[in-house]
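Note that chain A is present in both complexes that follow, paired respectively with chain B and with chain C.
Right, the complex of A and B next:
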């Protein structure tokens, strides 16, 4: 792979309901701020990828609403519908195909919709949808399978929530910085057994943007380039009943390919920080297993052993993760932005000292059916 | 720089107004299996899948993850790309960039729509701003009707001249076994069809179709081994210029997005006289006036010359530049597949697999996409790698 780098990033604060901002406002702000971060003007951008979802935005051709705000007038533009990590991957492909400077921007205003109905619509309209299944209840099934298969407890997952909300207290952009205990999580409202309110990510409004430059164009930006060393995606089967929900073979395959591209042979040793897609607390250990940081069923041990804490050898979600800020479509791109900040040493209060290699993850579909894994590094 | 990329296989469903014999995934499978067979590949040879449609026509969220049983995307990289009417060309270009990047050698692209499951216009009107645009000027027909009347006013074009475009495309569809509307129409029938929004009548516009299209892209070095005559991608250009319908068209200037995308695509493919150099064009013409006006924007003829150019037979099968040998959008319109069908049909011509609709020895072909807020995509395909 030819060298390509992320040379500009920005994200809005993630908040519950931004009634003072339209989606276009959010997209315009992150576009402007990513350009400012890179020290570039809109004329330096030769193509744009927007990320949006017609269900979340409540309009068809949702991309039409934001092209202008993303500065795409008279530029080559396309739109990925799905998590921002996938949109960013399409941007990376275009950079590798000859575009010099690619802008990728994602927005999500979940507050304007009904997330139960929106995520219910990802299930089969004939066989499943009328059962009322949605992202939350499907996740509960997955958490249950995972616990049963490996003898895990609800407390194991609650620990994740405690850690990530605590991390969020060092991130002013996070939606839910919380000082909570395992007991608080256990006592929070039971939404879909075994998932409780404090096991769930919030529905946040927000946006994020990155700028991807080719090696030769990266010197035009004023920032230290963060190199894209590996990126891969993969999808599992569709029907949750056809999958082994206690494992994530698609993530395993995506991670394996991204590691091979980046020359990573021992992820726990080679990777310094992880920003993963913990839409629910159980997802953190499950995804860590898929990424090869531990054996199947032992992901929760990493936290018990302190490995994934801020002072551990592999801090996971220093930003507070998706549990602390979840703008749909944006969250995977936000993971990439957070990794870039870590590698630049600009993560301030939630900085992992000396981080040189980072992993970011995005997911799509029910119970993490499709995964996208990014390896970023300070080294070309 | 990116690698050279070619199309090595195309497949499409048997398009109908209502495919009640298949569900969405089965319809996608029908196109995919035909494309793989055209490329003499199996699903195991596919490195990645790109799919697109318009969500609200079938009301399925995350179509990429939903469709894997039809697309074959299980345990493969999948991605959804969607941009309204231009979805098909956006999907094709995503397939192209997947391969050009060097990351994937063989990529399957899919566009599909099961319009019979939707209220198309009810879904389309929600593309525009809910406060400012939606209740005044939204949907597919009002803006096109305005464009048509402005064109008639400026150049004195007549409804009869536009109707000839429908007569041509519907006639061509008789040669395409996959086309939805395979019945020729006469000038009189077009003129006498019900008025929808002046001057657009029922037979001036595209139908709503159930159908899918799949196209396989392969890298230089791989493509030549798969098929004797790959269709090489010579250039891609995109202008999704506007967000607001009120900004979208300067009726005195023509379809600006197509003019600009066309110029860029021609420049990158080294084309200076499109009507003479191109052997065939598959154009996203959703209504008849586009067949007069947009060929001017593409430089096939000068401003105001479209009606004469068409009437003189220059766009017929034996003309200077045959337009829409497939029957075009006026004969088949499965929206998320429509622009990908243009790319597929252009590739079919280059690959020499057009059978009854083949333009003899087509070596350079143009495909376009139209959608959103008067957006345009242009792809040029050639027999030479370039």
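Right, the complex of A and C next:
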């Protein structure tokens, strides 16, 4: 693969209701900030990818409404309707096809719609939607299968929530920095067994942007380039009932391909920090298994053994993760931004010292139907 | 904050943000297709649950599919499945999902969603269980209950009930 790098990043704070900013304002803000970060002007950008969802925005062709906020006037602009990590994947493909400097920007203002109704609408209208199933209740089915299969407990998942909300206390952009205990999680409102309120990510407003440069264009940016060493995505079946929800074959395949590209042979040894898509607490151990950091069923062990804590050998979600800030469409791109900051040594209070190789993950669809895995490195 | 305009911060503080209410309410009439029609007609007219089997890998799908997603081949063999099966996953729902708040046919809380492996199928059917939740666990056997006023809809199965004396 031709060398390509991330040379500019930005993200807004993630908050419950950003009443003073429209989606357009957020996109304009992160676009300007990403350009400033890279030391580039809008005329240096030769193509733009926006990431948005029509149901979240409450308008059709929502992507076209933010084009000018993203500086896309008179430029080649395209759109991804899916998580921002997949938008970034499209951006990487464009960089590899000859565009020198690609801007990818994602926004989500969940506070303006109704996430229960919107996530219900991702299910099949003939066979599933009328049952009322939504992202939360489908995730609860997955958590149940995962627990039953491997004899896990609700406390195993609560530990993840405690760790990630604690990490968020070192990240001023996080929406939910919390000092909580396993008991607090266990006593929080039961929503859909085994998922309780503190097992869930919040609904956040926010936006993020990255700039992807080809190797030859990377020196135009003032930042240290963070190289895209491997990236892959893979999708599982659409109907949750067709899938083995206690495993994640799509993630396994995506990770395997990304590792092969990046020359990762021993993920636990070769990767220094992970930012993954923990929309619900159970997802962290399940995704870690899919990424090959542990055997199936033993992902929760990593946290018990301290491996994934800030002072462990593989800190997972130093930013607080999606559990602490979840702007729909943005969260996967935010994982990439966080990894870039880690590798540049600019993650401030939540910096993992000396991180050189990072893994970022985005998901799409119910119960992690599809996965996008990124391996980023300080080394070309 | 906009650095080129140092007054913008104070200006913003004086503005009370306004909101605009809106709603997208577009009625749709989805054709359910030949495969879906055959499934829903069997539910409505015969209280039968039909699946179909991939000629290549043998997977028996329910609801039936036009093609096998794994093999990417047509599916031609129809199979009548039992109206009973085993609960493979469940969640007891304690807060009414937003999509049901205004639904006339909504169950009362708590109720459960379950993935049910009907006898003869090789995938799980998503549906609801509304009674005897204290007995509900993975592995228990359940049976479909059918609506007395079927309309050719997935809710012609009103829900599944736990079969007594099930292990």
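One rule holds in what follows: the second predicted complex is superposed on the first by the 380 of 380 C-alpha atoms of A that agree within 3 Å, B and C clash if a C-alpha of one lies under 4 Å from a C-alpha of the other, contacts with A are read in each partner's own complex, and residues count from 1 in each chain.
Convention: contacts are C-beta pairs under 8 Å (C-beta built on N, C-alpha and C of every residue); 3 or more make two chains touch, one makes a residue touch a chain.
Since this is a predicted model, take the numbers as computed values, not measurements.
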item: Which of chain B and chain C A:288 touches, first, second, both or neither; value: neither
item: Contacts of A:53 with chain B and chain C, given as first, second, both or neither; value: first
item: Touching partner for A:126 - first (chain B), second (chain C), both, neither; value: both
item: Chain B versus chain C as contact partner of A:237, first or second or both or neither; value: both
item: Partner chain in contact with A:168 - chain B first, chain C second, else both or neither; value: neither
item: Which superposed partner A:375 touches (first chain B, second chain C, both, neither); value: neither
item: Partner touching more residues of chain A, whether chain B or chain C; value: B
item: Partner chain(s) touched by A:355 [first = chain B, second = chain C, both, neither]; value: neither
item: Chain B versus chain C as contact partner of A:80, first or second or both or neither; value: first
item: Shared chain A contacts, counted only where both chain B and chain C touch the same residue; value: 58-59, 125-126, 237-238
item: Contact set on chain A toward chain C in their complex; value: 19-20, 58-59, 114-117, 120, 125-134, 136-138, 140-145, 148, 189-195, 237-242, 245
item: Complex contacts: residues of chain A adjacent to chain B; value: 1-2, 24, 53-55, 58-61, 63-69, 72-82, 86, 89-90, 92-94, 96-98, 118-119, 121-122, 124-126, 232-238, 249-250, 253-254, 364-366, 369-370
item: Residue numbers on chain C that touch chain A, as the complex places them; value: 12, 15, 17, 19, 22, 24, 28, 30, 32, 36, 40, 61, 63, 69-70, 88-95, 97-100, 103, 106, 113-115, 123-128, 138, 153-155
item: Chain B residues touching chain A - in the complex, by the definition given at the top; value: 1-2, 23, 54-56, 58-69, 73-84, 90, 93-94, 96-98, 100-103, 123-124, 126-130, 236-244, 260, 371-373
